[in-house]
Each structure stands twice: as C-alpha cells, then as structure tokens.
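Before I ask anything, here is the structure I am working with.
For reference, chains read A, B, C and D in written order, and residue numbers begin at 1 within each chain.
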Amino acid sequence: MTIRIGLIGAGRIGASHARIIARRVPEATLVAVADPRPGVAATLAEPLGARGQTDVEALLGADDIDAVVIAASSTAHAELIVSAAEAGQHVFCEKPAGMSLEEIDRGIAATAKAGVVLQVGFNRRFAADFRAAHEAIGGGRIGAVRQLRSVTRDPGSGPSDPDAVPPWTIFTQTLIHDFDTLNWLNPGARALDVVVTAGSLTAPGHPTLLDHATVVIRYDNGAIATAEASFAAAYGYDVRGEVLGSGGMVTAGDGASTSMRLHDATGRIAATAHGDVELMVDAYTGELTEFAMAVRDRRAPSVTGQDARAAFAIAQACIESYESGARAQVAS
Amino acid sequence: MTIRIGLIGAGRIGASHARIIARRVPEATLVAVADPRPGVAATLAEPLGARGQTDVEALLGADDIDAVVIAASSTAHAELIVSAAEAGQHVFCEKPAGMSLEEIDRGIAATAKAGVVLQVGFNRRFAADFRAAHEAIGGGRIGAVRQLRSVTRDPGSGPSDPDAVPPWTIFTQTLIHDFDTLNWLNPGARALDVVVTAGSLTAPGHPTLLDHATVVIRYDNGAIATAEASFAAAYGYDVRGEVLGSGGMVTAGDGASTSMRLHDATGRIAATAHGDVELMVDAYTGELTEFAMAVRDRRAPSVTGQDARAAFAIAQACIESYESGARAQVAS
Amino acid sequence: MTIRIGLIGAGRIGASHARIIARRVPEATLVAVADPRPGVAATLAEPLGARGQTDVEALLGADDIDAVVIAASSTAHAELIVSAAEAGQHVFCEKPAGMSLEEIDRGIAATAKAGVVLQVGFNRRFAADFRAAHEAIGGGRIGAVRQLRSVTRDPGSGPSDPDAVPPWTIFTQTLIHDFDTLNWLNPGARALDVVVTAGSLTAPGHPTLLDHATVVIRYDNGAIATAEASFAAAYGYDVRGEVLGSGGMVTAGDGASTSMRLHDATGRIAATAHGDVELMVDAYTGELTEFAMAVRDRRAPSVTGQDARAAFAIAQACIESYESGARAQVAS
Amino acid sequence: MTIRIGLIGAGRIGASHARIIARRVPEATLVAVADPRPGVAATLAEPLGARGQTDVEALLGADDIDAVVIAASSTAHAELIVSAAEAGQHVFCEKPAGMSLEEIDRGIAATAKAGVVLQVGFNRRFAADFRAAHEAIGGGRIGAVRQLRSVTRDPGSGPSDPDAVPPWTIFTQTLIHDFDTLNWLNPGARALDVVVTAGSLTAPGHPTLLDHATVVIRYDNGAIATAEASFAAAYGYDVRGEVLGSGGMVTAGDGASTSMRLHDATGRIAATAHGDVELMVDAYTGELTEFAMAVRDRRAPSVTGQDARAAFAIAQACIESYESGARAQVAS
C-alpha cells in the first residue's frame, strides 16, 4: 500500500516535489496537484499520471488522498496545515510552517489533535554529507560542540525584481534552513539570542531588500554559531556547514556538480551546481520518502513541527535584532 | 505504460538490480525474479511486489514479461540472450555478454533478428562524473585524445577462496568495464593491440588467480591507454578515469562516500565507499532507466551489443598476451 | 650589501624568525639576538653564527645593526619601536604594534620622524594562497566585495594555564591577524563597527579567558565580515579565508601539511599541519624578505604601521563590544 | 664553514640551481659558474655574487671550489664527473649521470676512488608529498607494495623544434625521474623487465620524436609499476605518484600552484603550476641542501650513483623494448 498524495502549489519547488514523488518515492503515489492558476496544475500533473485541479479546497479532505504536500505561498502554509489536519490528512509542509510562532503553534496543535503526521521541509537533514556530519557529532567524534557555521547562497546576481521580495525573506525563507541545520548539528542545545548584520547590496536603492545577512547565534551550551546567506552567488548554489568541537571538526557541503575535473589552460576546474534542485535532489527524495514512511508506519517523522518552531523563533529574533540593531532574545 | 521486467539471477548484483527496478525506475515494473536455487528468488521478489520462481525457462517468453534483465552466471549469458530474443523479449545483460566473441555475436544476431533491444551492463557510462568526462571530450574540451587511464579496484584483501575465482576473471569481469570505458572515452578510435602485466599477489600459492593486472592498449588514433585492476583495495571500492588530450585533461572518480570531512588528530578524513552498489547506485539506476526507455521508445540503447563485443575483444587479447608474455592483437 | 639584523626576544616566534633570517633571507644577516633571560639568546644565536646577549638596550643603537626584529612581549613592543627608531634603526615588529592606539601612534610617529622603515608581522599577507586571493580581488575577478570570513584556530586543546593568558589575547594577538586579513581583502574599505560573541569554553572556571570568539564587522562599502577564532583545534593549526563578491568567490587556506594522501580502512586521510611555523614558513620568509628589501631599497614596506593601527582599532572595538554586549564603533 | 660550489652549465636548470644555491642553501656558497657560451655564465653569476667564466676546465680543480654542480649537456655528464672526481671535487650531477651504464659506472668508480660525494638530481625525492609517501610506505602504512604509478607531464603543446629533441629523451631525461621514483617507492625491490608503448603524437611527421610513453615495469617482489610521460600537458606541469599496497594506498602530487580557489561562473578553479621550477623549488632546495650537508659531514648522500644506475638501466631497457616491440630485461 502506497501513500496517496495531493500536492498543493505547482510552482518551482512544487513541481520538483511532484516529479520526485511520482518517480522516486515508491512508497507514495501522486494522486493530484492543486494550484489556483488555470491550467498550471494539470500541465504538471498529467504527464505524471495524476490529476490537476484549480480548486485547492477540493483536495483537502478528498477521499482518495491520505496526505498533502504543501508547496503554496508561505502566507498560506498555516491555514492549509490546519485545514488538512481537520480533514484527517497527514501534512508535509515546505518551510516556514507559518508566518509567526502563533501560526506554527496552531498547525502543531491541529495535527496533534487529529493524530496526523506533520513534517516540515528541512531538506538539508537528508543530504548525505550533512547527515554524515550529524552522525559523526552524535557519535561523539568531535566531542562537545563549540563553534558552528552554516551557509546558504542562492545562485545568480540577486533578485530580478527586488520590490517583489517580501521584507524578511532572507530570515524566514533562506536562513531558516541554516537555523534548523545549526540546531540539528548542536544536539540538545537551545538558541538563546542572536545578533544580525545585514544589508541590501545587490539593489542599494531598495533598503527593505536584505540580500546578504550574517547572523551570530549563542546557544545555552556555550556554542557560538554563524549563519550566512546571500542571494547572489555568481558561482552557483552554495550550501555548506562546519562544526568545531572539543575533539575535532566536521565539514559538509561541496558545490561541485560531479567529481569530474577539467584541466586546461585556465587551471583545474570543477563545474558547480547552479540550483537547489540539482544539488539537493537526493535530499528532496529522502525527505519525501521519510514522510511517506512516517505516514505508513504511523510514527513521528524525523523533522517535526517543534523543529519548525525552533528555527522560526530564531528567524523572528533576527527580524527584531535587525530592526533594533542590538542582540535579541530567541523566544522559547 | 511501464515495461514489465523479469530478472534472471538473484545474486548480489541481481538483488541490487531488482531493488532499483522496483524502487527507482518508474518506467519499469518488476514482475518476476527467477533463480534456480530454492526460495532465493521469492525471498528477493516478494517484498518488492514481484513473484519469485525457480524456473528460469518459464520466464523466457512469459506473457506478462516484456523484457529480461540477465544477472545470471556469465557462462549462461549468451544462451539466455538468444532464448529471450527468440521469445520476443528485450534484453539487458550484465557484462560480459558472452564468454567468446562467437557467443556475443550470436546474441547480437538473435536480438537483431527479433528486433528487440540488447543493452549490456556497462554502468560506468551512467556515472555522473564519467558521463561529464565523456561529454567534455565529445565537446572538444581537451582536443585530440592521447593518453588514457582507467582503474578498477575491488575493496577488501582479495578473494576469500582463490580457487573459486574463474581463471580470467580479472579481464572478462573486472577490466572489461575499463576496456569499455576507455573505448567510450576515446570516441571513434579502435583498439589495435594490448600488452599485459599481471600477477597473483594476494595468494601466491594460486598461480592461476590473477588478482592484479596492468594492461596497455594501443589505439588506431595513436592514443595509449592503461587499464589497471586490483582485487584487494584495503581502502574501498575505487573506480577512476583520466584522459589527456592535446588541449587538456579530464579526470573522473572520487572514492569518497560523501563530501563530509572529519578533521581530528589523525588529520582530515574522507570516508570511502566500500562497495560498487554504494558508489554506483545512481549509475545502476541510470542504465536500467535507459534500458526501459529504449524498450518503450523502440530505439537502440546507448550501450549496444557491439560495445560489448569491442570490450570483450580486448579482454580476449589480454588472455593471449598474458599467456604469451607478448603483445597481442585485438580482434576486429 | 645585506641588512644587518638584531632580533629582540628569543621565544618561540623569535627563534623561528632567527632561523629564517639566518637561513632563508639572503638579503639579511642575523648579527645578534637579545633576550633578558640568561643564556637563552646565546643558545639560539650561536649556532646561527650570531651573538647572543641579555642586554636588549645594547642592541638598540648598536653600530653593527641596521634593523631590529621585535619578537618580545607585546607590552614592550611600542617602547622598543620608539627606542629603535630614535637610534636610527629600522623596525620589524610582531603584532600587535602596541597595546593601545596611542602606543601604536607613538611608534608610527617615531619611525616617521626617524625616516626608518616600520613593518608589522601580518604574515598571512605573504602566504601564497592568501596572496593569490588578494590579487584575484584586486584584479576584479570577483567584482565588488560583499561578504568575508577569516578564521584562525590554534592547535591543541586550549591553554595549559588559562590564568596565564592575558585578558584580551584572542582579540589583540589572534584575531588581529584576521582583522588585518579582512581589511586587506576588502581593499579601500574601512571597518565601521563590530559585534562580538565570545566565551570561555575550554576552561569554564576561568571566565576572563576568552578562547572562542566570533566577530562580525561592518565595512563602509556595505561588506559584512566574520572573524572567527578558537584556541583549541584538535585537528591542527587552521587558517582560512573566504571572500564573496558580486562576481564570484575566492577561498584560501588548506590545513593539509602536504598533498600526500593516505588511503586505508579509515578512509582517505590528509595529514594536517599542527603549528604556525610548519604551515607558515614560506609566509614568514616572505615577510622578512620584504622587510630586508624595503630597508635596502629605502621604500615603504607593503605592511605599514597604519595597517597595524587599523587592525588594532578593530581589536579595541571588540573589547568594548564584548564588555557591553552591544555593537561598538571602530575608532578611525 | 660553507661548501664552495662551482656550477657547470648556465641553462634553464643551471640558472635555477645557481639561484637556489645562492639564496636558499646557507650551507653552500656559489663561487663560480662556468658555461662555454660567451657571457652567459657571467650574466647569471654576477648578480648572485659569484664569478662567471667560459672555461669549464678551469673550474675543475680550482682551489676555491670544493664541489661542482653539473647542469651541462647530458652527453658531457660522465666525463665531467670523472674529471671533477680526479680533481678531488665532490659532485652533484643532473640526471642522467651518463649516457650508458658504462659511463655511469665510470663516474661511480672515479668518485669512489677519490672518496668524494656523488649525488644525482632526482629532485622528486625531496618533494614534501613524495617524501611523505615514501615515509608512509617505509613505516608499513600500506603493507606490501603491489601496484605503482608515476607520471611526468611537461607543460605546453610539445617541443617547438621536434628535430632538436635527442632520440630517447623521453626515457633518459623525463621518465628517468619516474623510474627512480618507482624504485624508491618500492623499497628493496629490483626492476626485472619493462614493456613500452610510445608514440609521436604532437608531431606525427617526426617518427623519431617520442612525446608520449607508457612503460610497465615488473619488479622482483611481484609489484607492477606504470610510468607515464607526455611532453604536452596544456594544463601545466604534472607530477604525480600512486602506490597501492596490501594495506592501503598513498598518492602524491597536486598540480595546483596554491590552495587558493576562484569560484566564478566557470566553476571552481584551481590555478595550476606551469613549470618544474615553480612546482619544485622546495624539492630543488632540498636536494642541494642535502648535497651540501653530505659534503660537509663526509657521508653518503641519500641519492647515490647506484640509484642513478638503477634508473638508467630501466631507461635503457625501454629503448630496447621500444625498438623490438617486446618486453626487455633490465640489466642488473
């Protein structure tokens, strides 16, 4: 028996999830895709053997759908989680799981009450190198965690329409991956406070666009973490992590698209990956497989609503720190 | 419509193929597994939703099977190819496609006559790094090919039962991958002759066991290639390639299992892959997907019986060179 | 004609400088070593063909000494610079060039008045990889500088006697290298303010010992830099830099002691360098050669007192930020 | 007391040796350079504080010269070794130490009779990574040696004047480095026979120019070694080694000129070294320091005439193998 999945949102990441569910997750079947834009869902769904529909509501509670994968606009995430849970459907939701801690708490409560799975899309936990780093740390290979770094850089030269980027995107959409990664690589520790240094460097005329940010997080075990993001990496999509412990260091992340190296008059060249889908396809497959298996086995997934809440609390503190210019407490 | 596949041979590589077809190749359905050893096929097949059977003959020509994947003993390959073709089934066969050029020719002829696809298991062509190397060469990035190297080393300390290793295994089973890789990375060129230096180093008392071999191949475009194999790499499974051209060099292959690095008092450590299935899972998926698509689209696969023949001709010349101690011509 | 050098301070770094001057800088001759501890200077100097003496004063202004290399205690640096300058001797001084901006200014003024060279020991500028990074940035290869990182980690498990470490050592002795590196890799920009997160992690009972620190610096060109230090890297001495620009990124630093790789059952292992002298010998040679050549050619060295001042101003702001917990301005 | 050195031959490698002796080997003093071409020696020698002369004979036996460094034409090496020895001077000679085993034997005999040091210029033994590989092997880290590879590729697109390249240059001048390296990395073993595959690929109209060669050597401990050379590596000077043992593998050689990496739209780029002097300067310094110390300490150097003989014996067998097309015995 496979898990019958309905996908909400046929944008870039939704399309990637649809193809991965249909092609690479035998534990799941893609049944339907819903997107309010006329024709968009059908164009994606039909070649994958699923139906497309514009009516998102009709998907929530549909008889032939066990679980929904939410890849809609972030502002809709919390409401969709609650509605799906109330309809008895399991939920995989892209990050963030809501636009406030209150929203996220509502989703956690609704899914808990309904007894359904809630998993959030922190895909980096399923990337082989980050996973190996996590295991090395858990296995005591580097001792006590002391100093961490997590980096996310989007490829290109910055947003094509800076005005279209919602105000705190760099914290709530981009660095939220790093916040979860840092929490996960510092097991058992809790973030205390943050201090943000950020700026609008690709589009100086757009002061509300933060396109580069460096966040320092202090944890209750004394560890000091740095999270760095940029919306403009000319050399490709760059996701890296580094953890120094009392007994050693682990590093993860390598932007090379394959281990092929071209040597010519320029030097030795490694081609770099230019997209998250390209670099992260195995991680996406891993998280969606994990979701299907958690649903199938009626167990908690390895990434929970609480994880989403903890990462969002850091993002929220970042907004406060940026606005005040001072250190800000992370809500517990 | 998916391609309905019957697998012959539930050994190590057969089991890997079965799981990959069932889980990672949506273009194909694993319908049945046949293995003459009682219960072996069923144990593998049933959890994958397929039937297991001891009767291999019954699979050849079964109504519900479009194509067979042959992972049986090498000595049976040619006969199985011919039988499947005569039954109108498409064929994916593990290397070698036969134990002599005559056997391989019979398979090629039978599949051609039946109008069915014949693809041979040269998985390295589907490994991302080797593929990128091939594309760089084809795209003229290194100019004219001049000097090549291909290496295959099996993990461990050598065969546990040296007497059980068939005489020319290192040429016909191991280096045959390298011979195909070298042919493929030297596009349009033909191997002229070989000279072999080989020995029994892990089990000196077993002179017929060749466990280390270095083969130099001369091509008709002047290129000089080296193929090296060992059955005893203590550090893991090692597959690498290197091509020097008039304008540069490409290299492929990196034995690290992930890009995670552990730094401790020992130094900076990359864990290494210890098995072909671990290192090559994407390549196996790629070749089986290619096969399913070639069958579906009624087209020639990208690895053909002629490729199998060309690689085997080099293996055969290696046997002759080893026996004579001299250079041996490659049959055309 | 070679520059006749007197070295002050025969500690670890002084001994290294003595050997490098004597063996690897043909433009200079080591004439004398002075260290107030009985016998210490002689033990170092004599095998190198120089004289050892306990009287530091006698070295300042000695007829046979053109230039002094100051590797004494940091608290003595400023006074020694002034005295040497007044005696007409050129000065190479280990960092920091003083314990306050006022001290550094006095050294700058005294050397300027005397018309002698003042160079400060920012050796990283002479490391081949950092130098190549600097040149790539200067050559416009990565466009406008936006986000930087510089890391220094000392090998081992932390100070053996935490009480013996002067209070702000991590800023004034260790990170000062990173501050200079960041200034140098962000050409023409000026540091505006800093925010420090730091702690005592190796010796929790010693709150005044800061052994891990992460500093974020904001520059007037909008660039955001992170400087990280640790006194306890179990895997060796670790010096790295990274600069993201609008057109690409440069990275420098690789802790491997050679390009030899050992592959065994543990994996693929790169031995790591465990000391600054080991990792930085070419950089030390480079800076001392530069000094001798600047003296010989009567020109300004490539690392000046102003550079020392700019780096120290950041260190000073770090102390203020650590004490207040808030962002602190960098004095101009 | 330093060793007073006279250099014979002011060509490319002679000039490099002169500068290294003068600047980086404090145990030695460059006293004179001799080159029969008018003015060439003086131009090199004078800025280094040495005298230049056209009379090579006058250098042999000069009162103020303890040792000669021979970087003259290969055909003159043996005669110069004998003459210097007869004049009581110690000898460092570039490879090869003669153009036949007989010539080399005469040099060995003359230096032995005179009781002077004879060291041959196998610089790779002093490269840090090869040295670390040698030590790992000697320390038992990879067990028994089984399969080796050594590569030398000269940068560029091949000889500008193919007719000017002496017939067997690739064996006697280039691969002789690899032969020595392989002997040294397979301690205690003796080369038995070789088989050569070689061709003229950069200048097909010049059949006597061998510009690419792959040599397989069989050792008396069963080990199988490959030595590969090319005169035309578009990507730079490439020197690498690899040794597989029963317990692991060591690799050495990395063509990157520094550890700086530039990441741009092309990918991640490591600049490559384009010359032996650039890549090998520390190795040259090491071998010349070793020579000066061996002379000073009246001891055998770590690279001897016997090593030169053993490597030349392989080169000689290569010529025979190339001419016959068959395997050739290595003279003992």
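As a convention for this text, a residue touches a chain if its C-beta (ideal position, glycine included) is under 8 Å from a C-beta of that chain, and two chains touch if they have at least 3 such contacts.
On a predicted model such as this, the values are computed, not experimentally measured, just so you know.
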{"item": "Touch-network distance, chain A to chain C, counted in steps", "value": "1"}
{"item": "Furthest chain, CA centroid comparison against chain B", "value": "C"}
{"item": "Copies chain B and chain C touch via same or different residues, half shared test", "value": "same"}
{"item": "Centre-of-Cα separation between chain D and chain B, whole angstrom", "value": "41"}
{"item": "Distance from the mean Cα position of chain D to that of chain A, given in whole angstrom", "value": "56"}
{"item": "Chain B: positions in contact with at least two other chains", "value": "142, 234-235, 247-249, 263-265, 271"}
{"item": "Footprint of chain D on chain C - complex, ascending", "value": "22-24, 26, 128-133, 136, 141-142, 247-254, 257-265, 271"}
{"item": "Interface residues, chain C side, partner chain B - complex", "value": "234-236, 255-256, 263-272"}
{"item": "Contact set on chain A toward chain C in their complex", "value": "142-144, 146-147, 149, 153, 157, 195, 197-199, 201-202, 204, 212-214, 216, 218, 222-224, 226, 228, 230, 232-235, 238, 244-249, 325-327"}
